[in-house]
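Shared between the two complexes below is subunit A, which pairs with subunit B and subunit C, respectively.
Let's turn to the complex of A and B:
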């Protein structure tokens, strides 16, 4: 280069260079200086790289919040919507089996492509946030169902355990066996604290009912879980007892296979595959047939 | 923009800079947020007061009027946008410069963000609202205050942006023109097929199955098609792979960090890139674990 810089015609890189005093100062005191340095990017390039990161985060959070919430709503939503649906037999089984699907796929996408052990936690978190937005804006503001009736399930504890297993073992199969089982098994105990108040027995017209049942009697809706009560028959047996742990263990067993299946689905979905385009379509876009062929 | 706000020496002539126009993206996000909140407020105001009886004149005035307006407007806007994108396609897509290509990848990412934003409002927020509506009012007809927003407004909106992102990529980005992105097809066509699946859903509800149980197998078509959202990860991976090549190219910076030599303000002792990183750090690696350079020992 000309040391004096006289008459030099510059380009984007040179503009970056001119920007360096200020931008170097900006990056100098930050902990991410090392990362920027290792990446080999100029500050401007790093800034646009970060911009792309922001766009990716925005896309991932919103689309998976929508997709996971839709998935859970339409597969096991009734168990999640109402406290008196949260029985001891089906709820601890069907909820984690459904809730593990997208987190397992996200875990594969984040880990295999970016070595980020956060996929399961991201999935469980966006689901919980999306669910609460709906609970507040729709269930409470629109139709007036109390939060005590619509308290949602959460799978954060299981998701954290699953990600922790992946960090330690770095293997999808063992993450399925240990982390997947943990995801299903801890679902029931990790939701226990939120549900414990609803186990309290109350007397209703001379019969003993749980507080959850009483809330259900007070706020009727189209999917009142009469069939659960017919199966259970004995009021307080709706919650707790050893059956819950049996359900939790069975859920863990199913989650092992579900995790592996959805891990592989996540890998399939994140492949950057281009199929061959036809010459006719390419010629429409100005690609000459000789090049296209 | 990188260059505009920077002090420049008088003897430097700028011939090009890399910048991105955020205007349309910001406009779309703000407009959609207002639109969705307005739709929800309309439900709040006229859902229960005017929307309980599909045969009433009030229902016709408040809800069927909305239905008759939104269908042609939203689908018409979609067709117009897709046609515009196609007719204004880059006819010399082979010779696109790296700067232009990089800029278009950012715009494609913005299309996908808006598409994802619409998926959230549809798949989570308004679908949840449809659930609570049916839990409260039982079934009426395929045209209810929740359906008129969910099925006939929010779904056409995300189709607008989903198909739009696909047409944009195919008409402006070389890689998406030379080959068809399988995951982009899945990410767009899957949610698109939710629309015809509505026919199956309403057909089943109209004849045999009530909506009392939200997790009824009749709804599982929506679930399977919703799984296609996972394919967005593949599209983002395709973008990432190309950005890894384009960003150093556009900013004239290779992995070794050689352009630092041309930077009079940069601390010459601070080399960047993998080689400099290896010199600066001497990572202690555990046997069998991945080293900081990413290679297994």
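Let's turn to the complex of A and C:
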């Protein structure tokens, strides 16, 4: 197997040549039957492998939903947590840089080991589902905050583009350069579509505020004073009101490197490595040491 | 086995059933030097303590930023006026600091000066909520004022917060506006993702693909049809991203960025009449729960002044023999923060203009323990602070800051 995941289909004729339909493997597509056939699994083993698939999917969904959600909450929590933190400079920058990590690692694991171009999409999907569960359970049921205050971001657009780049180019480096950049770059426009109403202007106490500002102000987070929000501090003003696109482009640039780094971390983490037990450890497990035996 | 499971379930149910809602916010856990030497609230008034859902009430008052600000606390260079409640059980309608709008933070507040706040709040969640005014200080966190129980009656679902945008859009409820739009987009993205995932999950997945890949037959796993599907999905995604952005920009052309910044506000005018207080000695009788102060008070005003109250950490020790001091207690002030035994003085006679008088002040009450204030004895600098309120015969009130080192006395109760 090519460890970096590069490779191309040579001919579909091989598929037909290798096809040897087996019975009762639950896959009706001829190509799927071919895969089962070439894999060497018996019909019974193929059926159990499908059960194994279900278990793996369940495990991946639950484990990574929790892991990615925790990771995002710990690294960029407030930016994703509150609608009045979703500014046009830092939010489009910090969110994708953090959000790309697990999807990139999952993409590497799924692609290199199974040639499945779905890792990034899986990561972004389970993250969004877990986030909404958190918003509903923690923010609404438990503490009574209105949903509008905790509308989350989504990274699905970028994740899908990253997976599409992978299946078309089948190269981790080019996926980093094009897919990674796309992940960071489309974060702002793909989320602005959903959140645009929250930036409508209102007049409050003689000052202009966005609806997002008003939501955060009206429904108090007791220990979240206004000064904690990090809103457009820096020197990107040269670009006038286009500051978001500058942030988006910079996010894309950073995501190139983040993707490659986490792709490699994903591969490293998915290695099955066995260490030889020492005699002491063996003795703990009731195994006689080689010296004693 | 079944019996054990039933017992375990019963214990779990009993545990969950026994969990009660948090009633307050741990304000007593704040270290005493934070509560006695930073922000002293006074004249705090709740316009109502029983409100209905959607009914407004006001929380007003003043606070003094203590001159003897502890080194361990960041100076109040950037502050934010806020209310503290158990979650958003109340809605915040308007806030003012010295009459200036206080939606944003303030910079440059002065130590030793007074500020007046006003908050317009609205009942949101039925129940009894402990509501405090608070001053959040960047670098130090929120410093809370006296908390009062506010009973909110009515139905939670009847709460709505209407607002009108500058573009003329009338929003019926700020709690739900834009939510369906955002959720709709998220569902649309999830639908695309689900379609792409289903495209692959329907096929042989983990073991067969791994085995085939081990045999070098990648060509069986990724076909040109798959690549074509990927290109189509990519096109759909790009159309959704940029089409959605263009549409949102056209639909909301007058959007504004999040607003943030610092306001500045001048302190309240300093009182022309004032006193100087020198704390000669201060002790805290640990078993007696009594703070005893030996003070030297100089009246630098033109009217004789009588000591009416010692307030610190929102607790009020009143000179119960001075009617004007007793009349100054707002009926809405939390009763648990008014010391029952009051303030004892070595001399009740007024301090005349220009006179310097030595007065022994004794503030004794179990509230020191209840409010967990005696742990100031274990602070690194073991100091206390507070405000002494003095009254002239014409009712004029003079507020003077006092404080200094304090020494614990571990005498035995007799």
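By our rule, the second predicted complex is superposed on the first by the 218 of 293 C-alpha atoms of A that agree within 3 Å, B and C clash if a C-alpha of one lies under 4 Å from a C-alpha of the other, contacts with A are read in each partner's own complex, and residues count from 1 in each chain.
Going forward, a residue touches a chain if its C-beta (ideal position, glycine included) is under 8 Å from a C-beta of that chain, and two chains touch if they have at least 3 such contacts.
Treat the numbers as computed from the prediction; the structure is a model and nothing was measured.
Student: In the overlay, answer first, second, both or neither for which of subunit B and subunit C A:265 touches.
Tutor: After superposing on A, A:265 lies in contact with subunit B but is clear of subunit C.
Student: Where does A:41 make contact in the superposed view: on subunit B (first), on subunit C (second), on both, or on neither?
Tutor: both
Student: Where does A:194 make contact in the superposed view: on subunit B (first), on subunit C (second), on both, or on neither?
Tutor: After superposition on chain A, A:194 lies in contact with subunit C alone.
Student: For A:284 in the superposed arrangement: first (subunit B), second (subunit C), both or neither?
Tutor: first
Student: Which partner does A:275 reach: the first (subunit B), the second (subunit C), both, or neither?
Tutor: first
Student: Quick check for you: in the superposed arrangement, does A:49 touch first (subunit B), second (subunit C), both or neither?
Tutor: both
Student: Output check: A:58 vs subunit B and subunit C. Expected answer is one of first, second, both, neither. What do you get?
Tutor: In the superposition, A:58 touches subunit B alone.
Student: Using the superposition on chain A described above, determine whether A:173 touches subunit B (first), subunit C (second), both, or neither.
Tutor: neither
Student: Find the residues of subunit A that appear in the contact set with subunit B and again in the contact set with subunit C.
Tutor: In the superposed arrangement, which is not itself an observed complex, subunit A uses residues 1, 7-12, 14-15, 18, 36, 38-41, 49, 52, 56, 113, 115, 143, 145, 221-223 for both subunit B and subunit C.
Student: Going by the contact rule at the top, pick out the subunit A residues touching subunit B in the complex.
Tutor: Against subunit B, subunit A makes touches at 1, 5-22, 24, 36-42, 44-45, 47-49, 51-52, 55-56, 58-60, 62-67, 69-71, 73-79, 81, 102, 105, 109, 113, 115, 130-131, 133-134, 137-139, 141-143, 145, 221-223, 265-266, 269-277, 281-282, 284-288, 291-292.
Student: Can you name the residues of subunit B that touch subunit A in the complex?
Tutor: Its residues touching subunit A are 2-3, 6-9, 11-18, 20, 40, 43-44, 47, 89-94, 99, 102, 106, 109-110, 112-113, 115-117, 119-125, 127-129, 131-136, 138, 170-171, 175-183, 186, 210-215, 219-220, 222-223, 226-227, 229-234, 236-241, 243, 247-248, 250-257, 259, 262-267, 270, 272-274, 276-277, 280, 290.
Student: What does subunit C use to touch subunit A in their complex?
Tutor: 25, 78, 80, 82-85, 87-94, 96, 101, 103-105, 124-125, 134, 136, 138, 141-142, 156, 161, 163-167, 169, 171, 174-179, 181-182, 184-186, 189-190, 192-194, 196-197, 200-201, 203-224, 226-227, 230-231, 233-234, 237-238, 240-242, 244-245, 247-249, 251-252, 254-260, 262
Student: Which residues of subunit A touch subunit C in the complex?
Tutor: Residues 1, 7-12, 14-15, 18, 27, 29, 31-32, 34-36, 38-41, 46, 49-50, 52-53, 56-57, 84-88, 113-118, 121-122, 124-125, 128-129, 132, 143-148, 151, 154, 156-157, 159-161, 163-165, 167-168, 170, 186, 189-190, 192-215, 217-223, 225-229, 231-232.
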